[in-house]
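Letters are used for the chains, namely A, B, C and D, taken in the order the chains are written, and counting of residues starts over at 1 for each.
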Amino acid sequence: MSRAEAGGPLLEVEGVSVRFGALIALNRVSLGVAREEVVAIIGPNGAGKTTLLNAISGFYHPYEGRIAFAGRDRTHLRPPDVAALGIARTFQNVALFRGMSVLDNIMTGRLLKMRGSFLLEALYWGPARRQELEHRAAVERIIDFLEIQGIRKTPAGRLPYGLQKRVELARALAAEPTLLLLDEPMAGMNVEEKEDMCRFILDVNQEFGTTIVLIEHDMGVVMDISDRVVVLDYGRKIADAPPAEIRSDRAVLDAYLGVAHES
Amino acid sequence: MVDVVYAVLVAPFKDMAGSPAFLVEVLIGGVFAGLMYSLVALGFVLIFKASGVFNFAQGVMVLFAALTLVGLLERGVPVVLALALTTAVMVALAFAIERFVLRPLVNQEHIILFMATIGLNFFLEGFGEMLWGANVKKLDIGIPDRSFVVRGVQINELELTAAVTAALLVTLLAMFFQKTRIGRALRAVADDHEAALSIGIPLKTIWVVVWSVAGVVAIVAGLMWGAKSGVQFSLSLIALKALPVLILGGFESVPGAIVGGLIIGIGEKVGEVYWGPLVGGAIENWFAYVLALAFLLARPQGLFGEKIIERV
Amino acid sequence: MEAVAKGTDALALDAERDTFPKLVRLNARRFGSKVAIREKDLGIWRAYTWAQYFEEARLIALGLASLGFARGDRVAIVGDNRPRLYWAVAAVQALGGVPVPIYQDSVEKEMEYIVDHAEARFAVVEDQEQVDKLLGVRARCRRLQHVLYDDPRGMRAYREPGLASLSELRELGKKFEVSHPTYFDDEVGRGTADDIAIICYTSGTTGTPKGAMLSHRNLIATARNAAQVEGLREDEEVLSYLPMAWVGDHIFSYAQAIVVGFAINCPESAETVLADLKEIAPTYFFGPPRIWESVLTGVMVRVEDAARPKRAIVHFFLRLAQDIERRRLGRQPISLRQRLLYPLGSFLVYGPLKDNLGLSRVRRAYTAGEAIGPEIFLFFRGLGVNVKQLYGMTEASVFVTIQRDGDVRLDTVGTPITGVEIRISNEGEVLFRSPGVFQGYAKNPEATRQTLEGGWIRSGDAGFLDADGHLKIIDRAKDVSRLADGTMFAPKFLENKLKFSPYVREAVCIGQGRPCVTALLNIDLIAVGSWAERRNIAYTSYADLAQKPEVYELIHREVERVNRSLAEDAVLHATQVRRFLILHKELDPDDEEITRTRKVRRGFIAQKYAPLIEALYSGRDHVQVEAKVTYEDGRTGTMRADVKIRDVDLVAAQGGR
Amino acid sequence: MGRLEVIYREAGQFKATYASDQAIFPIVQDRVVVVAIAVVAFVVPPLVAGEYWLQAILIPFLIYTLAAIGLNLLTGYAGQLSLGTGGFMAVGAYSAFKLTTAFPQLSIVVVFLLSGLVAAVIGLGFGIPSLRIKGFYLAVATLAAQFFLIWLFNKVAWFTNYASSGTITAPHRTLLGVTVTGPNASAAARYVMALAFVAVFALVAKNLVRGRIGRSWMAIRDRDIAAEIIGVRPLRTKLLAFGISSFYCGVAGAELVFLYLGSAETLAFDINQSFLVLFMVIIGGLGSILGSWLGAAFILMLPILLTNLPHAVGLTMSVALQKQIELMVFGGLILFFLIVEPHGLARLWQIGKEKLRLWPFPH
């Protein structure tokens, strides 16, 4: 606690390795993320980007190394505990609750902020009812923030892809996270949707002071919105620098940008 | 307290040691029963592997096959012809199921397909009984239900025949999956529908084939069980007996179905004989389940399932 | 209805009720706990009473005063319809200042012109988007000092001097009040009926915007006269969805709301207007023809997706309703069969349809600004929505004529309201004078002189009064012209006929000094797009869809239909459309092809599309065009398109009518 | 007389508070109809309906609706397929029998609620495997509960108070001076009691599913991985579903014996009972409280219709044949239903309602 308050990095990943059987998906990757920073992780497919996010959010447990959040070791927490620390995330292939309305999806994001009192909830009475309404108000502020007023009662599964991504961001924001992990938030979007999403991400960062780690393929986006770019290749970190330097980094050009240009 | 511990943990083993021949008899009985379970479980696995459908109607298919066979035999049709005709009926049934149940429900959630097979279960039960009548029938396929003794161990001829047939069928199926093109396609389809298509066999065909094969397995199972305990409604309940086998062996594993069947068969017989009396008997209805469940808690992917890494 | 005094009596105003701030104060006293304004905010309708309305306006005013606001200061108001912006209008007026609402979708350059021309010292705006524009404007217009905003989102890091939120301003106001307890009432008391209440910049189809100055007297008298004529009540509900910068919204959502004391409702966002309309179900509704048209198009598109029997039922009853309404308006008898079928239609179609559109509670609705297609008009009236035509101008504080209940006609715009006199000039131009006649254009005596002659306003419209005293408008006076052979040619009339087709979004007719009439058309992307989808016609973009042969066929039939109906017209049968083309791009206010209120800029189009127009008269069946396009990233490029041209058969005139 | 306003007229029904926006029936017309139905349901059948209607149709309908709501919470909302409903109902029934015979002075309402609690505890126990196993594996595991529990009640005579017949019989009990259980209880009294229970617990279920708990269930159902990362704890959430679901089934089981059958043996709770309730849930609509009502009505009415229809058209057939035809039609209808509308009657209802609301628009 005190270390974090003293200004240490919010998230520290130290020499983390993740293995699936014989496959080494992450190989001693280290990464520090400061408070209110926007860090982009780039790298070719299979470089271990999503694996890194999964390790941070507790889906995979590293085989070696250490993950610390706000100065404390969090290497072996399970996802719900990670969420309780104030880490939220979105998924590469939108993982919305398809059968629920947009409103309910975002409300679910506030789960950790809600207190349970089974009997009162069963009666929808008193504090339980008040709590529902208060959180509805909080969710409405997020709906307003992300400009999705027109779809709040629509079942999430019926939305076009771009909007689903936005709703997923809304659900992550509903938890009022300190650290937001975004796995390809702009994948499959058109130019206009991408611009909107960029604006939202920057707004989130500025408005709420949320620290953001994102994986993104669109180099234009990465250069525009991130403070720092981390490049992974075959499970190793090969670069970690501000966008301007990344642009001219030879190793990165070889490993990644060259590939990207071909495709 | 001590009595209970003794009764549960010591006495049964003392009994086993006291009469090894009886133990062997029990074990053989367990193996026979297990092979029969395997046979039914195999029907489930085949269908689940190829179409992702948990076919609850497998038990009724056994009953239906047996009813058809008995019905034909009763009308004086020779055994071989009756078997051929029954096979034809089961293949026709496979076609009908593909056309009227599976095809309209393609891409539905698994639970919906599962429900559909329960519907099918009811339909076939009513249909079979309407065609062939509901009363208990004796199925006589010419193998005497008598025992001979080998080194003090009693062996029932009928059970032995059934076990051998089951073993034979299991081997044949394994060969079918390993050696034939369509067999390989069936295995492929379980993993990846696209891949199966690239082999050049339409999904429709695969489904018909697999349901036909399951139908044939059902005939054999019906034949064996029917010969042993008569052809009646309760035949359809043997499906429920096969379910723990599936839990144990995994829904998608042919070897799992076989080994699982043996474990359940033996475990059940041994449990019934040595521990059953402690709780008043008749534990065969649930013992297998508890056995499978306990096993599953330790190893959720089943006997032969691979550990699934959840990709997120 | 209470008898209404004629002529100059209507100009007399009680000194306690002669400005809007005074009226708001009165409303706060008269019905303090009655809802004055609702806003859909964060998912629910938040209501503010007249007492809150007054209190909020008062605090904003005091806050402005603490920033050194002086009488006569101009304040730019920019944003969507938001309660705080309406309150700011009242606050500015309370201090003797003049609000200058500006279209919120204006680009910075347009905004700069108005801020500069109006000499605004303050700006009250909605959000970051507008703040950014205003800060840009301020860099060049040094007179603009303070920019105040409603929604602080995204501006946490803004450290510009003179930038503050309305909440902060409100706090300043509270502080200011402690030291100046009577300041507000004193300032309100100093206001008089002839102070300028607002300057509305008209976008103008040509040239630069002109700022029409309207006094409190203009607006109050006109709002009151119209309300009395129409019998407006305190319990009206209005949806305030049209731009605040447009005088129409100002009169309906501000002036009349205050004068009558009814409630207005601000939609959640531009995208949710239709849903909000349904939720609120206003009793009093206003829409320019394009709104009615787009609602109708929406209805037709959705009905087209219905199953065949349902579609047949809907079409049958809609035809029935339109036929009945046409007969009713034409004072023709209605058959017994129709009388019997109408209640059934009402149950099956009209009632549910109105309910779905949110028009079921409408007691009166207006359309104005341009002529409305008769079919659109009949459609809504047929449903039982009391939509009426209104003739008005910014310079007249809107109301000139209204069609009275029970005296609605298809081809006129009604009779003058109380206090309005109408005269037709020798050239056929409509002139009028009324208590609402404006105080002139700000800093533009030349334009004022051209428009205002001896108290009479030159409307610029060609028209006449019929035997019953109804005003009938033909076209813009300057637009009515002649073909080469001298035939009278009224382009807008033709364009409106073309635009009635759900598939035609915009039309520009050409013919002045030409041998025949031709047309440049825009298809309606939604309607034609869904038409194409139903026919499995794949398309990639507007430009692609527009040039599909099938689409040309579709539009061809629509043009033929227009020609057939023109053939019935005694005067205009010779101006049928001879050739047409579908433009490769949509006419866009950003490209200055149409105004923000979607009026066609003829001169500009004639110039920009000269090669296309020449091709129309050259007999070629297609033409290559190159257009400059600006990409999202600011780069420009050239887009090449091959635009097809179609001939249309003329229909022989039917002498009958 | 105004115009017929029976169809939805929603324009102008705007919401000024979140409470009104989140109401169970946000549309005025719905509220009016539901309240009217509730009032009519309490008043009319006891006065008007004959013994046959109450005993053969309405009472089982209400009891099975309660069970179906219970299973729907688990399967429809939390996504955990269970085939052990009959077993949990048996727990409720036997608990109620034991409790009321041991403490005769205990109010029968309390007895029912306590029986539900006992079933809930047992349900929690059988829910533990749900952490490790999913889908059909879990379904099969719940079968273990079914078989084990029935076996237990059969084997252990203590549960039946050592009755030689092995049956449990509802004793005479009164509520507010009215006899509600036992041989002398009138059908009307039992009907009102069953209705009161199901009405209250349907409301409770609705409250649960529209709030925090329901959202966690649906989150686990729709995307368990995404649910975990927003803080849903899978075991706790699933166990809660098992517990609450079993509570409902337990109360329904107690009612089945006390308010409907009068006396029963374990046969009344066999595997077919589990399937019956599952069918109600699926045909009615997974994830819909309304669907549970519709499903129970449909599944219960079907055999009655199938029995009476041949009579109505003057056909006579043997009981066996009738039984077989019933099975076929039953199975066939389920297949037909799944193919035509796999999301059940509730979805059909919803579509119909949407159609009415949007009429004349198709969407």
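Everything below uses one rule, namely that a residue touches a chain if its C-beta (ideal position, glycine included) is under 8 Å from a C-beta of that chain, and two chains touch if they have at least 3 such contacts.
Since we're looking at a predicted model, the values are computed, not measured.
Trainee: Can you name the chains that touch chain A as well as chain B?
Mentor: Joint contacts, listed by label: D.
Trainee: More contacting C-beta pairs: B-D or A-D?
Mentor: Ranking A-D and B-D by C-beta contacts puts B-D first.
Trainee: In angstrom, rounded to a whole number, how far apart do the mean CA points of chain A and chain D lie?
Mentor: 41
Trainee: Compute the distance, rounded to whole Å, between the mean C-alpha positions of chain B and chain D.
Mentor: Spacing between the chain centres: roughly 33 Å.
Trainee: I'd like to verify one number: the distance from the centre of chain C to the centre of chain D, where each centre is the average of its C-alpha atoms, in whole angstrom.
Mentor: Computed from C-alpha means, the inter-chain centre distance equals 56 Å.
Trainee: Taking the mean of the CA coordinates per chain, how far is chain B from chain C in Å?
Mentor: Inter-chain centre distance comes to 75 Å.
Trainee: Find every residue in chain A that makes contact with two or more other chains and list them.
Mentor: Those would be 59, 91, 95, 136-137, 140.
Trainee: Got the chain B residues that touch at least 2 other chains?
Mentor: 310, 312
Trainee: Please list all residues of chain D that touch 2 or more other chains.
Mentor: Residues 17-18, 21, 225 of chain D touch two or more partner chains.
Trainee: Any idea which chain A residues touch chain D in the complex?
Mentor: Contacts found on chain A: 57-59, 78-80, 82-84, 88-89, 91, 95-100, 104, 107-109, 111-112, 114, 116, 118, 121-124, 128-129, 131-133, 136-137, 140, 171-172, 175.
Trainee: Over in the complex, which chain C residues touch chain D? Could you list them?
Mentor: 38, 43-47, 278-281, 299, 302-303, 305-307, 310, 313-314, 343, 346-349, 351-361
Trainee: Provide the residue numbers of chain C that touch chain A in the complex, in ascending order.
Mentor: Listed in rising order, the residues of chain C that touch chain A are 41-44, 153-154, 156-157, 268-269, 271-272, 275, 632.
Trainee: Residue numbers of chain D touching chain B in their complex, please.
Mentor: On the chain D side, the touching residues are 81, 129, 132-133, 135-137, 139-141, 143-144, 147-148, 150-151, 154-156, 225, 271, 275, 278-279, 282, 286, 320-321, 323-335, 338-339, 342.
Trainee: Which residues, counting only chain D, touch chain C once they are in their complex?
Mentor: 3-5, 7-18, 21, 358-363
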